[in-house]
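Notes follow once the structure below has been shown.
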Amino acid sequence: MAEEILKVEHLNKFYGDWQALHDINFSINKGEVVTLLGPSGSGKSTLIRTLNGLEPFKDGRIYFHGKQVDPNPKTWQDLRQKIGMVFQSYDLFPNLTVLDNILLAPVKVQGRDKAAVQKEALELLDRVELRNHADAYPRELSGGQKQRIAIVRALAMHPELMLFDEVTASLDPEMVRGVLKIIKELSDQDHMTMIIVTHEMNFAAKIADQVLFLENGRILEETPGQQFFDHPQTDRATEFLNSMDF
Amino acid sequence: MAHSGINVLFEGTNFLRLMGGLWTAIWIAGLSLILGLALGTILGMFRTMKSRIIRFILRLYLEFFRIVPTVVLLFLVYYILPRQFNVNWPATWMAVLAFTLWVAAEFSDIVRGALESVPEHQRESGLALGLNQWQLFRYVLLPQALRLELPATINLATRVIKTTSLLLMISIMDVINVGQQIIEANNQTYPTGVFWVYGLIFILYFIIDYPLSKWAKHLTAKQQY
Amino acid sequence: ASNASTVAAIKKRGQLRVAVFGDLPPYGWVNKDGKRVGYDVELARRMAKDLGVKPKFVQVNANNRVDTLNSNKADIVLANFTVTPERKNAVSFAKPYMKVSVGVVSPKNKKITKVSQLKGKKLIVTKGTTAENYFTSKQPGVNLMKFDSKTQQFNALKNNRAAALADDNSYLYAWVKKNPKYTVGIKSVGPHQYIAPAVKKGNTSLLNWSNKEITKLNKEGFFTQDYNHQLKPYFGSEVKPSDIILKQGK
Amino acid sequence: MSWTVIQQSLPNFIQGFKLTLWLSLVGIIGAIIVGIIASLVQYFRVPVLSRFFDIYVEVARNTPLLIQLFFLYYAFPVLGWKMSAETCGIVGLIFLGGAYMAEGFTGGFNGVSKSQLDGGRALGMSNLQLARYVVFPQGFALSMPALAANVIFLVKETSIFSVIAIPELTNTALDLIGMYYQSNEYLFVLVVAYAIILIPLILILNWLERRVRYGTFGN
Amino acid sequence: MAEEILKVEHLNKFYGDWQALHDINFSINKGEVVTLLGPSGSGKSTLIRTLNGLEPFKDGRIYFHGKQVDPNPKTWQDLRQKIGMVFQSYDLFPNLTVLDNILLAPVKVQGRDKAAVQKEALELLDRVELRNHADAYPRELSGGQKQRIAIVRALAMHPELMLFDEVTASLDPEMVRGVLKIIKELSDQDHMTMIIVTHEMNFAAKIADQVLFLENGRILEETPGQQFFDHPQTDRATEFLNSMDF
């Protein structure tokens, strides 16, 4: 049986008195791609952020490699070296060059050898076709380029799991493709385990092994990828899919 | 008429003495800024901490300096410190102390504002990379905050320089005090001396402050790409 | 630090810190060459010399003379400091070295000769002077304009900001000589008073030394010399040495 | 600290307090008017006038009020132009404050987003209508923080009026110290007096700032 | 023959030394819908803004109802009462209620009777299903609602031509549909003449009578609507259409 990387059990999340996530249960195996879909405000970002310790939670358990995560800042800080995350906002550090953005965490946090990391970083940049921008500052790059760098920056940590939260939502339509292509390659070639929030339905249909459809903080359905798009189980999901193309 | 009065500035060592007075004002401003910015950075960092007590105390400190006019501050230091606390420094050092505390208060607010205005997602993406609090501060927040706060800091510097004009109130031989001596000493030969001496001081302050505030404006404009 | 101004401490430091005016010719001012001169300043230099130390001048305005002592910024005040009962509560005065009373200066063409003429009019004074004190407490009908420094007050008078200016007659005499459009219309109002060195309360060591010093200087006629050097050139003919200085010689 | 000393000084301080309030009020209102005019002229780049205001703002902002007052009070009469101390103080405060206010309003007007201007233009508004319905209401709200800071700043600057013999609060304290030497007491009353003026003022301005911001932008 | 509303001849537009539009020629007839397509930075916004006088131009001519437009501020200000425009950014005035936003221009600029305009405004609000939000402030509305109001605000001026510049680009995917629906109705029911910049290809395919495909400030092809999507004439357009769906 496939190795389980992450498991979530009975997760409840509150903002003050208001419950943002209700009894979330799911797990993801090595090499698998899980896509979170659902209308705006349904809790997709909240869930994915909770999986990286950016949002505290009270109820429920998260297991990483079968080991329960003790939700304190120190544990999360260590764990984040194994869980890469990329956000919608271009979150490169504006005060560092592209290369320094990539080197920062592996060198300062993981304490790896700078020369070795640098060699690897340049290879990764090659892969996303941005090697000649290594010394540029983020402000000199287009949105699509920035997101590709952000992915490289996360990959340079050698994560075992990658989280993507609407990474193409702020991009110009033509830029979207390049970014999605890289994520697709990560799945096809590197068999990276990934949890992806996206509004690009065509992309989701192609990449998802499993779809979690959320509404109002609840998982309404959990369906294998292609099946979800062909025959969603719930009416709400059908309606949602219809609303997505004009 | 006033035309001949300008010579009062070049009579004897008058011009040099005015420059000497200006230098006094400038080094007091400069030293206070260096000390005040250092202290203010630390206080500003503390003001973004979670502890409510520390934040409250530092807030009180800031509000005190917000409320008390700088002249009054100078008098407080000048009159109260020696008597109540037996601190007995020359007036120039008293001024440096007063200005330093004032600059630190104002700057702590600038630093806090800058730290807080670094976008939340910058902090989060730092965390997501596994940076710890100190690394986050050192590599992400501080460098960005420093850039953001530069114009406000320059503006604070121009205010400190302008405020050195108050030094005469606590008998420091600054440029205005020297100016008054010169006006007094040359009263008879140059009855319009008062116009030229104050005029020169006016221009001197402008020459120092104008480039600074231009620079600050330029930086602000650049930051709003 | 409270006894840092004892004679011993001064000698050890090698410096006598004297509070003087910086803008009051001919008593304490800075001349065109940037040098401190004046009647008070010459006395200060002499006292320092007799102590075997160097003088260090601390420039003051009238209203911070007391605090300069109390906050230990100077050992002694030689800044035309008139002895008054209130001031005696705040500082210790040594023996006087000068006579003084408040005079009133006004433009010759609108001469003020009686205090009653000032009723309802504006009168310029400097904060913390005996003139201010006298008019505040004894002549409430006069509108006072209060300035920080001598420069400011005389400039204000010249700009016709008030009907007259009241201050110690001793330097009004000097000032009208330089400013012939004005005259000391009232030579003396209020009590006759004395000017003396002042030290911080409780500084008996320096107080006793100063008393002896003043007695000694009186005997040797120092103040006549001082008068001739510093004051005479600035006074008109209507002022005699005996208007200003106390009896000299044995 | 002696209460009797404080009590005896209160009548003097109350006089000074009233004067400080009055001068601040007149100065600040004047400064706001000058500031609005200057910033509108600058915003719409009115020929010649805007150049004039540019220079004015730079000169006033980059020189100390004290020297401005000395100049008005002691130096101008040499040129035959005399104003009373109070007038000098108010003129000085308006001169300085007008420049600060102009800066603040200009910042606010420039902060009105380009898309708002385009939106207004696309509706066929003239420049004047754009100023009246778009630039001014939004720009004013945006400049509230600067306005509040300037008001506080100007109230405190009145303490410098002391140097031209205006018997406001600070002058009153210095004068009493000069006469009776009770500096602890007088300085204490002085600080308290400023706190009495400024603390409520700061609170009111904060409240107003939030109200105006909310009324205009909803945050 | 159909009445010509707008004609552009040999339009060149410069930003400083840099030429943003090159020799633009096209015309639009009454009731027609022209869609501007093209990659980001190709000059679509520049062109549509120039047609409303928001960008000055030096070379070339614009005719409105056959009459050459004298490009001075006054002429444009009058003309803008006949040419409505809606932008990507929600440009409602935040300090006015929905109704006041709508009334402002008809009453203050056109000097029309307030009561009459108000009646009409409420009818328009009805049509976009937002009548009950007449007294709300823009901050209380979602992005999609704001854009619908912006359209109403422009319509209240009785324009003869409407310009839309990516009006759905900043909207949540689920909001897009409601806005596009209104635009479609304007075409189908009211036969409004419109020039539309959009990245929603499905929508463009349904609504466009004519497509102008721009690149680098030039019109690369001008093709009737459906034909463009089925058989684009240029390789660049083919490539562009391909990049738009993953």
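To keep things simple, chains are lettered A, B, C, D and E as they appear, and every chain counts its residues starting from 1.
Convention: a contact is a pair of C-beta atoms (placed from the backbone, for glycine too) under 8 Å apart; a residue touches a chain by one contact, two chains touch by 3 or more.
Bear in mind the structure is a predicted one, so any value in this text is a computation, not a measurement.
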{"item": "Chain labels contacting chain A and also chain E", "value": "none"}
{"item": "Chain-chain pair with the highest tally of contacting C-beta pairs", "value": "B-D"}
{"item": "Most remote chain, CA-based centroid, reference being chain D", "value": "A"}
{"item": "Most distant chain from chain E, judged by the mean position of its C-alpha atoms", "value": "C"}
{"item": "Separation of chain B from chain E, taking each centre as the mean of its C-alpha atoms, in whole Å", "value": "53"}
{"item": "Centre-of-Cα separation between chain C and chain A, whole angstrom", "value": "82"}
{"item": "Mean-CA-position distance for chain D and chain B (Å)", "value": "20"}
{"item": "Residue numbers of chain B (touch at least two other chains)", "value": "79, 83, 169, 194"}
{"item": "For chain D, residues contacting two or more additional chains", "value": "74, 78, 162-163, 174, 177, 183"}
{"item": "Interchain contacts, given as pairs of chains that touch", "value": "A-B, A-E, B-C, B-D, C-D, D-E"}
{"item": "Of all residues in chain B, those that touch chain D in their complex", "value": "2, 66-72, 75-76, 79-80, 83-84, 158, 162-166, 169, 176, 191-192, 194-195, 198-199, 201-202, 205-206, 209-210, 213"}
{"item": "List of chain A residues in touch with chain B within their complex", "value": "52-54, 77-78, 80-81, 84-85, 87, 89, 91-96, 104-105, 108-110, 139, 150, 153-154, 157"}
{"item": "Residues of chain D that touch chain E when the two form their complex", "value": "113, 115-116, 118-127, 129, 133-134, 137-138, 141, 215-219"}
{"item": "Interface residues, chain B side, partner chain C - complex", "value": "11-14, 17, 78-79, 81-83, 86, 88, 90-91, 169-171, 173, 177, 180-181, 183-188, 194"}
{"item": "Chain D - residues contacting chain C, complex", "value": "73-74, 77-78, 82, 84-85, 162-165, 167, 171, 174-175, 177-181, 183"}
